[in-house]
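Each chain gets a letter, A, B, C, D, E and F, in the order it is written, and its residues are counted from 1.
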Amino acid sequence: MVPRGMSNQGGITYVKTGIKGVDTILDGKGFPKGWSVLVLGAPGSGKTIFSLQFLKEGVEMGENGVYVSLDEDPERLLQNARQMGVDLAKPIKDGKIAIVDASPIRLLPAKIKLGGAEVGGKEFALATLVTSMTEAVKKTDASRLVVDPISTLILHFGQEYERRIAFLDLIAAAAKTRCTSLFLSEMNDAQLQRSHLFEEFLTQGVIVMSKILAGSTFSRVFSVEKMRGIAHDTQPHPYRIAEGGVEVFPAEQIF
Amino acid sequence: MVPRGMSNQGGITYVKTGIKGVDTILDGKGFPKGWSVLVLGAPGSGKTIFSLQFLKEGVEMGENGVYVSLDEDPERLLQNARQMGVDLAKPIKDGKIAIVDASPIRLLPAKIKLGGAEVGGKEFALATLVTSMTEAVKKTDASRLVVDPISTLILHFGQEYERRIAFLDLIAAAAKTRCTSLFLSEMNDAQLQRSHLFEEFLTQGVIVMSKILAGSTFSRVFSVEKMRGIAHDTQPHPYRIAEGGVEVFPAEQIF
Amino acid sequence: MVPRGMSNQGGITYVKTGIKGVDTILDGKGFPKGWSVLVLGAPGSGKTIFSLQFLKEGVEMGENGVYVSLDEDPERLLQNARQMGVDLAKPIKDGKIAIVDASPIRLLPAKIKLGGAEVGGKEFALATLVTSMTEAVKKTDASRLVVDPISTLILHFGQEYERRIAFLDLIAAAAKTRCTSLFLSEMNDAQLQRSHLFEEFLTQGVIVMSKILAGSTFSRVFSVEKMRGIAHDTQPHPYRIAEGGVEVFPAEQIF
Amino acid sequence: MVPRGMSNQGGITYVKTGIKGVDTILDGKGFPKGWSVLVLGAPGSGKTIFSLQFLKEGVEMGENGVYVSLDEDPERLLQNARQMGVDLAKPIKDGKIAIVDASPIRLLPAKIKLGGAEVGGKEFALATLVTSMTEAVKKTDASRLVVDPISTLILHFGQEYERRIAFLDLIAAAAKTRCTSLFLSEMNDAQLQRSHLFEEFLTQGVIVMSKILAGSTFSRVFSVEKMRGIAHDTQPHPYRIAEGGVEVFPAEQIF
Amino acid sequence: MVPRGMSNQGGITYVKTGIKGVDTILDGKGFPKGWSVLVLGAPGSGKTIFSLQFLKEGVEMGENGVYVSLDEDPERLLQNARQMGVDLAKPIKDGKIAIVDASPIRLLPAKIKLGGAEVGGKEFALATLVTSMTEAVKKTDASRLVVDPISTLILHFGQEYERRIAFLDLIAAAAKTRCTSLFLSEMNDAQLQRSHLFEEFLTQGVIVMSKILAGSTFSRVFSVEKMRGIAHDTQPHPYRIAEGGVEVFPAEQIF
Amino acid sequence: MVPRGMSNQGGITYVKTGIKGVDTILDGKGFPKGWSVLVLGAPGSGKTIFSLQFLKEGVEMGENGVYVSLDEDPERLLQNARQMGVDLAKPIKDGKIAIVDASPIRLLPAKIKLGGAEVGGKEFALATLVTSMTEAVKKTDASRLVVDPISTLILHFGQEYERRIAFLDLIAAAAKTRCTSLFLSEMNDAQLQRSHLFEEFLTQGVIVMSKILAGSTFSRVFSVEKMRGIAHDTQPHPYRIAEGGVEVFPAEQIF
């Protein structure tokens, strides 16, 4: 029997996100299981709450999850989520969701001595993150993984070439865990017609949560810009952040 | 009993700013207590006077405050504020507001000798700032903190990666003081549809005070672009700087 | 007798792509045999599936093919293609299409020791790629070649001058195999009126698969921007990604 | 008794500029005494003649002045000003205005030997400028100071961080002289909606003199973009350069 | 007697290009003999075929020619040109057109040992090119010269200053051969209103072949942007690439 | 008696350019004698012919001239000018105009040995140029000076700071010769509303000769953007390049 929220077609298993409106856009199926999806968002766009909803809904469908926080103290994030009606206290207590505070990674020095050899701080940071997230997934028996955000870690690498390699390594590590993974990242551009980032070419899926100016009014806009293996809706749609978190309106146009 | 200007909901305490029109935009609640808020402003936008009003209103609600001035002689700022009807002389005399002149930090050399070791000037500047502000908060028993501006300090760090880390460290230090904190910064862009700065992704809240050109007329525009844990008004609204300082008009459209 | 899907005119042999709508745009002829064609695409534009269709159609016309994957695990790509109705399992099993997983190239260190001498990692990566693809072509007796994508490899070279040289070397190596070759690359720009990339000047053909915003709606747009030796249609046309892969509509205007 | 052209309100003393139309824009008051004001202008915008008018009007109100020329031979500037009807010959002869030719500063070598130690040329240039202007102010008993322009000196410092520090040091030195000071600088942007420069955040006031294109006609536009402590007119107004120098039309719109 | 296709006026000799529509734009005269002309083009704009037509027409007017290929195997180019009806086989066989394959220049190492001294690879590349083209001109007794393209060679020089010097040296060498010379280069910009490149200031003539978007349709546009010594038509005109090569329509507007 | 073409007002002497339409724009007066004027132009804008007209008209008014050519062989320029009806043969033969070929300056090495010391090539280039032009002025007893173009020389200096200093030194040297001087430079921008270059802030006058796109038609546009000491026409006007050289139409609007 296929577990609740999952479907299978042509050899690919799909997992529903459970987030209002999102699965409709994803052809009614959700994400292909095991895919890496980039979630790009403006400041205050709700990408963190979106990723926590993804984990919470996972638990309700029988999938455990791991949330890795890289920049911020996770306590604050959870408190904020609870405030928006996304309460993870119980699944965390039940060991169904693990929170990994990886923010101390930024305290690593530029050069690290391991035995007689010296390692670069950024390579070590990446390796540490990969180890932490892999172990947390194993321990929690998780099928969903969130890394929030990848920005600081990736920027640690100076050249675009190195950044690509670092991100490819991170994606490969996530793929090995067999989790469906969300990588959160920052979007500086504030227009629908924006330049693409290299990260968008390297993941199997790309979701954009932006705030667009029409006249003198800002509107929240959600779009699935890329999702391999799904004939998804490619158009932008409005969304809101309210009690219960993010809700997308797949039947509405943005303007 | 909840002190005046505070409210409590779902485990989060909110503190009113007391500034005309601002709390209305913040869902009638004000800032979540202990949050770090970035205040971005154009030159002459009144972000300094806004932050001084925040401290003054705090005192009237029973919250002491600390103002850290990084670029300018604070005497001038206070004189200017008094001129605009925001007089901090009494609360300063009463020890309810402490003014920290951190502008000498810019006189630090690039390399500093401490005992036998050598420390980078910028790391030392950041550490000095953290120490000064932490001690001032302790001494004043403050619940509100303003750092004005963060620009020069952050730019001291050459790479975007280092700047992010420096700002994350500063936010973490402010969070430890348990103060509700405003970090003032410069906004070079003069359009509503602007590129986002990395600082906006790292704080819990973002307020923008800009001057927008419509035809050949400039208008002052206030917007809360991000505030975690509050279903705030996301639209831009007009504001003015007049006797008594900044006043926002939440019921008006900008054009 | 000319094989199926090929034609000959003025000393040049043409090979049909077999992809719906594409040969019509190419003056009914397809690609000049042995040409190197750059395929530029936005994230999620379907350039990978397009290139796999090109190989699959080749097999049906009697031309074997080689697919070189540089960033991603090819297993995932094939699974995704199968999902879209482009199943390469049989031709792979029959030895008519070879899949080369060149993604380990990114694990190469910056400096490599060969005997007593030291070689740069990027030069070695390029040489390794050339050797792998040449051998795979020989072994498969292939006439069609896909390199997906060239982006990371090329970015490995720091200066534009070096990137040009590296790409010219790659094109020369592909030309030596006598294959008709597709080089896939990333397009960051999201407008019809975009700046040209240096790669476009170095190949004999350029195909662009983009996603253009008209009002608040995204449209998929296919255009042959350059194809030496063919009086091709130079206008943009709509396309879709559906069951069976990419399909272009040469008789329709984009808006 | 308050001297002619001065007023006092809430502890701040104001000094009228005396330039036609400008004091009206400054709430009828002029500049707060002792403030540092940045005057940004396009090439040919008349910012130099504006600053010389400021000094000449000062003398008529009993305030002596100092003009520091950094890029150009001041003889030429004075000749040009005389030509436009702004003749400083008499006040210079009477010792009421001092002209400091600081243009030799650019002849300083990159490294300077002082005794056994070596000093950077740019630090020495800044220190020399500060000494020259301070001494000239003392000797002339001046209350008004002009530095024209700051551009070359500031650009001498390579990093934005260093430039900020250098400019902050210059402003602090000017503040110590207790003069009302104008710092002239170059504005490369030719649009009303322009990016802000860091210098604008560091002075108490910002005046912009630009030339804006409307259709195929250029118009001269004057605006006070920032003036702490004054509820000034924030809108752009037309101005002209004619016999007698700059004249602003505060009652007119630019188009 | 003046040879066919040439005219003489005021001491300057003019040579007709012979390309349909082009001489009309050039005041009916063609190029001033011995001039260096920059031909800028988008990818697929037909600048190579244009330059080959220039050589072929030269032969028919009694002027031999040299074509120097820097990036590509010239065999392919000639095959492509033949396909478009520009067949150079006979004049090449007759020794009236020489083809120089200078593409191996890119294989030069960064440092070259000559005797005991070391020479930079780029300086050597430039010198090699100059020697090859000068010798080929002498041997063919050529009056027309094409260098296609200059882009990679020029980019080899890191600083704009060095690039200018390198290009000036190349132009001077071409001038010494007394040939009328075309230098082909890449144009990345895709708008009529584009920024000018430094190369345009250094040659006596500039021709632009671009592809401009009007609505959703691309049009080919030809313009002579600079031609010293000729009162040429300065407006853009449509052109096409068809059987026989490039054809310009001097009597038509682009839209 | 004031010589022909000169006038005197308020201590400043003015010299007419003699170029059709230009003196009208300059308030009927011409340039202030001894001023340094920057002439910015697009490729093919005729700035060289304009400067040669300035010298030729000077001779007719009794002022000798010096033309310094930095990038190009002056023979070609003179031939081209003659072709456009600006023939300098006689004044050159009569010793009234001197042509200085300074193009060999670009052959200077990066480091030059003078006795035991080593000098930078760029500093030497600037010093050589200053010496050549000063001597030529002395020998010709010239009152008009043209340096065409300053671009390559200035770009030789890496930092903007160094470029400013170099240009200030060049202007100072020209001022010492007491000549009215034109410095020709390249303008890459092709819009009326363009960013200003630092050179425009350092000369007493700025003339712009551009080619502006209106719809699909290019128009030649002449404007005096800055001229200290003259109440000049600040608006853009059309001009043409015809028999006799540049002619400006001060009574016409550009569109």
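Throughout what follows, a contact is a pair of C-beta atoms (placed from the backbone, for glycine too) under 8 Å apart; a residue touches a chain by one contact, two chains touch by 3 or more.
For clarity, every value in this text was computed on a predicted model and none was experimentally measured.
**Student:** Distance from the CA centroid of chain A to that of chain D, rounded to the nearest Å?
**Tutor:** Each chain's C-alpha centroid was found; their separation is 52 Å.
**Student:** With chain centres defined as C-alpha means, what is the inter-centre distance between chain B and chain D in Å?
**Tutor:** So the centroids are 30 Å from each other.
**Student:** Mind checking the centre-to-centre distance between chain C and chain E? Centres are C-alpha means, answer in whole Å.
**Tutor:** The mean C-alpha positions of chain C and chain E differ by 30 Å.
**Student:** What are the residues of chain A that contact at least two other chains?
**Tutor:** Answer for chain A, listing residues that touch two or more other chains: there are none.
**Student:** Taking the touch definition from the header, please name the shape of the chain graph: line, ring, star, complete or other.
**Tutor:** Looks like a ring, each chain touching just two neighbours.
**Student:** Name the ring's chains in order, please, starting from chain B and stepping to chain D first.
**Tutor:** In ring order, starting at chain B and going to chain D first, we get B, D, F, E, C, A.
**Student:** Can you list the residues on chain F that touch chain D in the complex?
**Tutor:** 9-12, 32, 159-161, 164-165, 168-169, 172, 175, 192-198, 200-202, 204, 206, 223, 225-229, 231, 234-236, 253-255
**Student:** Per the contact definition, I'd like the list of chain A residues that touch chain B in the complex.
**Tutor:** It comes out as residues 42-44, 71-73, 76, 79-80, 82-84, 103, 106, 149, 151-152, 155-156, 158, 186-191, 211, 213, 216-218, 220, 241-243.
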